[in-house]
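Each structure below is given as structure tokens.
Okay, so chain A shows up in both of these, paired with chain B first and chain C after.
Let's look at the complex of A and B:
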């Protein structure tokens, strides 16, 4: 499991999972889960097109992810964000289905692009994967405070040097990069589960932003590792395990939060004081 | 009588604090708005609005929904293009927006939100330091919210959240603090607390506070000055100068009654009964008793004014 071509998958998978966890923190914080769903679907068309004309999947995925990001960011200024996002999704997905139908290896190709493959990372892709991952982390670090403030309340960020529209573009770009890295391994349909499950669980567990973001990346890493190992052993798709584990994290996070609330409420003077405060106001 | 700024003729007494008896002398205004006109597609939201706010003063921006309060605040923030006029505001400006909805799951503590006020719009990661922490503690203390520091902001009550947002806005030591409907959706006790806090901040920090509200009553005891908006026009001065039947009637462009009772103010419309109509309103109000007064204020018919 840890030899030969699988080493590439472990390395590439770790980079994409950490990046997806970090980006996902803002996806959940900003309520942008629909964009995180639509951009991978658009990128799928690029992957299918790349397979059709015989170029590297990473190039095709990246190009179409960027296309989706640009379309959503541009059109959202003039129309409703969810409608624009949906239209970008369906138009690119349509192109993807055309590309696939033109391909001779239709079934096999479609399956691995949609549901992922543990053998998707080749040696030649490791360096670009690492570079894209580093770019994405740098982008998030640069935009951390404006994004966080804008996520809490967009009105609070309007007077700052980074206008919310530009911060949003940077954020979507990060989603596009994370998509490009994760799509070949996890599959287009389930890329966004890595950007939703771990951060949604992390924000239940951690009350401060930096901690929640770190925990989100850690949970995404564990999810990816378990999924790759399980997929290797069972020959089931990686996407299945990623999707399942993401949901499990979320349910576990909610359960823990509910349990700890109850535990706090049943003991301690601080809890009682807090309850009294809650009643007073 | 206080001039209504869009009426023709000279505009005496609207300079920096000259109409206000309590305005600090010789102090330059933190905000001065002159002849401000704002047009949005299809309508004129503000017309020839002039007023000023001096440091250490608390000014109420009063008007019903749609009177142009938020547009005026956005113009002061520089987010709204002006069709005419001039806005001169001392920077930095602290701003508490309207209706900030905070999710209870939000992984942001009160301390984090106040910290974001210090340098929340800058690029790069924040570096924790002792000085930064001490400043956040000081800010939380200044809004009497030290005990809330570690709580998630989304789990706090409306009044507590408002305090944290005020601390956030104070972080960069603003000369001017703008608040958009900070009293909306607060219960009576929280309203009183927030009003007292804002009054104290204006006095002790020397900040010029301008807050918008549709209900003038919670501010009556602490307000140094009032800017009353109706139909896109404004009347400004001290409360006693502006909240008068003749001033507000001229502002609305039709007869309105100002009734004062039990330390509260009711602004109501009348038909053509003139002064007699005001007596009728006062009688009705007296009959209703003070407990129902909050339901009567603000004035009905604000929006239907013939401007």
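Let's look at the complex of A and C:
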């Protein structure tokens, strides 16, 4: 499990999971789940295009992810966010269905692109993966304050040094880059699951943003490692484990929040005894 | 060759699969207009799209168990929509997050179902067929089932029309009038799940989202009356579907290799063009300075 080509997957998978956890914190905070789902699914259409003209899959997914990011950022400024996201997604998929119908030998590859594969990272892709991951982290670090402010107090963010529209564009760009990294391992349909499950739980567990971000990255790493190992052992698709684990994190986070709220609200056993005595007399 | 052969290729109307596609397209359009309008008004496009993918999970599960895919589509869709609405919060961010979690878990299951199906029955193309779908894959037994599901969605909306409209426009006002907002929302989600299951099964997940959201959003830009918006959305869906089917039929002759282009490609392009035209029309009428104040459907809300 830890020899030969699997080393590439462990390294690449760790980078993409950490980046997905960090980006995901802002996805959850800003309520951009739909965009985080639409960009990877649209990027899948790019992979079909890459197969058609015979270039590297990563180039195709990256190009379509950027197209999706640009279209969503450009049009949602004045229209309804969710309508624009939905229309951008179906446009990319419509073009993808044209590519699919024109290319013939694609169905085999399509399954692992949609649902992930533990053997997806080759040694030649490690350097680009690391570079893109570093770019993504740098982008988030540069936009950390404006993004946080824009999510918590949008009115205040207008007065800040970075206009909210530009911060949003940078944020979507980070989502697009994280998508391109994670897509081959986790699969186009499940990338967004890795971006929302761990951070949703982390937000319930930790109050401070920096702490929650770190926790989110850690939970995403655990998810990815377990998913890759389980997929290697059982041969089931990686995406199945990622999707299930994300739901488990979310439920655990909600349960923890509910439990700690009740624990804070309820009174101790002694006080309860006193209350009961007082009511009796 | 006559001039109209450029759009309507010879033999178009005599082709049985084109006829069936036209009938199914009309049915889907009739349902998508009203359901789509409420979906856009309530900003639930994500749920509308997610339910299409989730219904497909039901389809893949049914494929694995050897059951009828119709049953899988409807049962999975309705269950998931109920889960989303019950777990979800009123705030949009929390609602989208729950939708995403349910969608992720369901797509994961879908991956497993398809993997198990592929290894046991060697149908590798199933993933792509279920996700992208095809309007020409409809069989006549499906048509009657589709009529039933679509009719149920429309009846549900008809019964709830007034309370749903009030609670979509202003939930506080609806609650003050004694309308059970949560229950009405749940009923809308069930109607949405039925409509999406119908269209995802007959025309595929891509077209399902495109026809649900695009025409309704365009109509809400152009008219202030909800009734007119529903009719307009249905009309646009119908026209773009029929033109899309005709173009796909023509496209067989476009390339030397004689490969037909997919219907979804044409319909999505037409939907996008309609939406863009509607936005340009509003932009020209209201002017660039005021356009921020006019989100879809804001006219009759008194927000302007």
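Quick note on the criterion: the second predicted complex is superposed on the first by the 265 of 281 C-alpha atoms of A that agree within 3 Å, B and C clash if a C-alpha of one lies under 4 Å from a C-alpha of the other, contacts with A are read in each partner's own complex, and residues count from 1 in each chain.
Note that contacts are C-beta pairs under 8 Å (C-beta built on N, C-alpha and C of every residue); 3 or more make two chains touch, one makes a residue touch a chain.
Model, not experiment: these values are computed from the prediction.
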Clash or fit (per the criteria above) of chain B with chain C on chain A: fit
Superposition-derived comparison: chain B or chain C, residues of chain A touched: C
Touching partner for A:146 - first (chain B), second (chain C), both, neither: first
Touched partner set for A:260, first chain B, second chain C, both or neither: neither
Contacts of A:123 with chain B and chain C, given as first, second, both or neither: neither
Gap in Å between nearest CA atoms once chain C and chain B share a frame through chain A: 5
Those residues of chain A which chain B touches in one complex and chain C touches in the other: none
In the complex with chain A, residue positions of chain B that touch it: 77-79, 93, 95, 97-98, 100-102, 105-109, 112-113, 116, 119-126, 150, 152-153, 157-160, 168, 187, 189-190
Complex interface listing, chain A residues touching chain B: 29, 141-146, 148-149, 152-153, 155-162, 202-204, 206-209, 211-212, 277-278, 280-281
Of all residues in chain A, those that touch chain C in their complex: 28, 30-31, 33-34, 36-38, 78-83, 85-87, 89-91, 93-98, 100-102, 106-108, 110-111, 114-116, 187, 189-190, 192-193, 196-197, 200, 236-237, 239-244, 246-247, 250
Residue numbers on chain C that touch chain A, as the complex places them: 40, 43-46, 48-50, 53, 92-94, 96-97, 99-112, 114-115, 118, 124-125, 127-128, 131-132, 206-207, 209-210, 213-214, 217, 259-262, 264-265, 267-269, 271-272, 275, 279, 291-292, 295-296
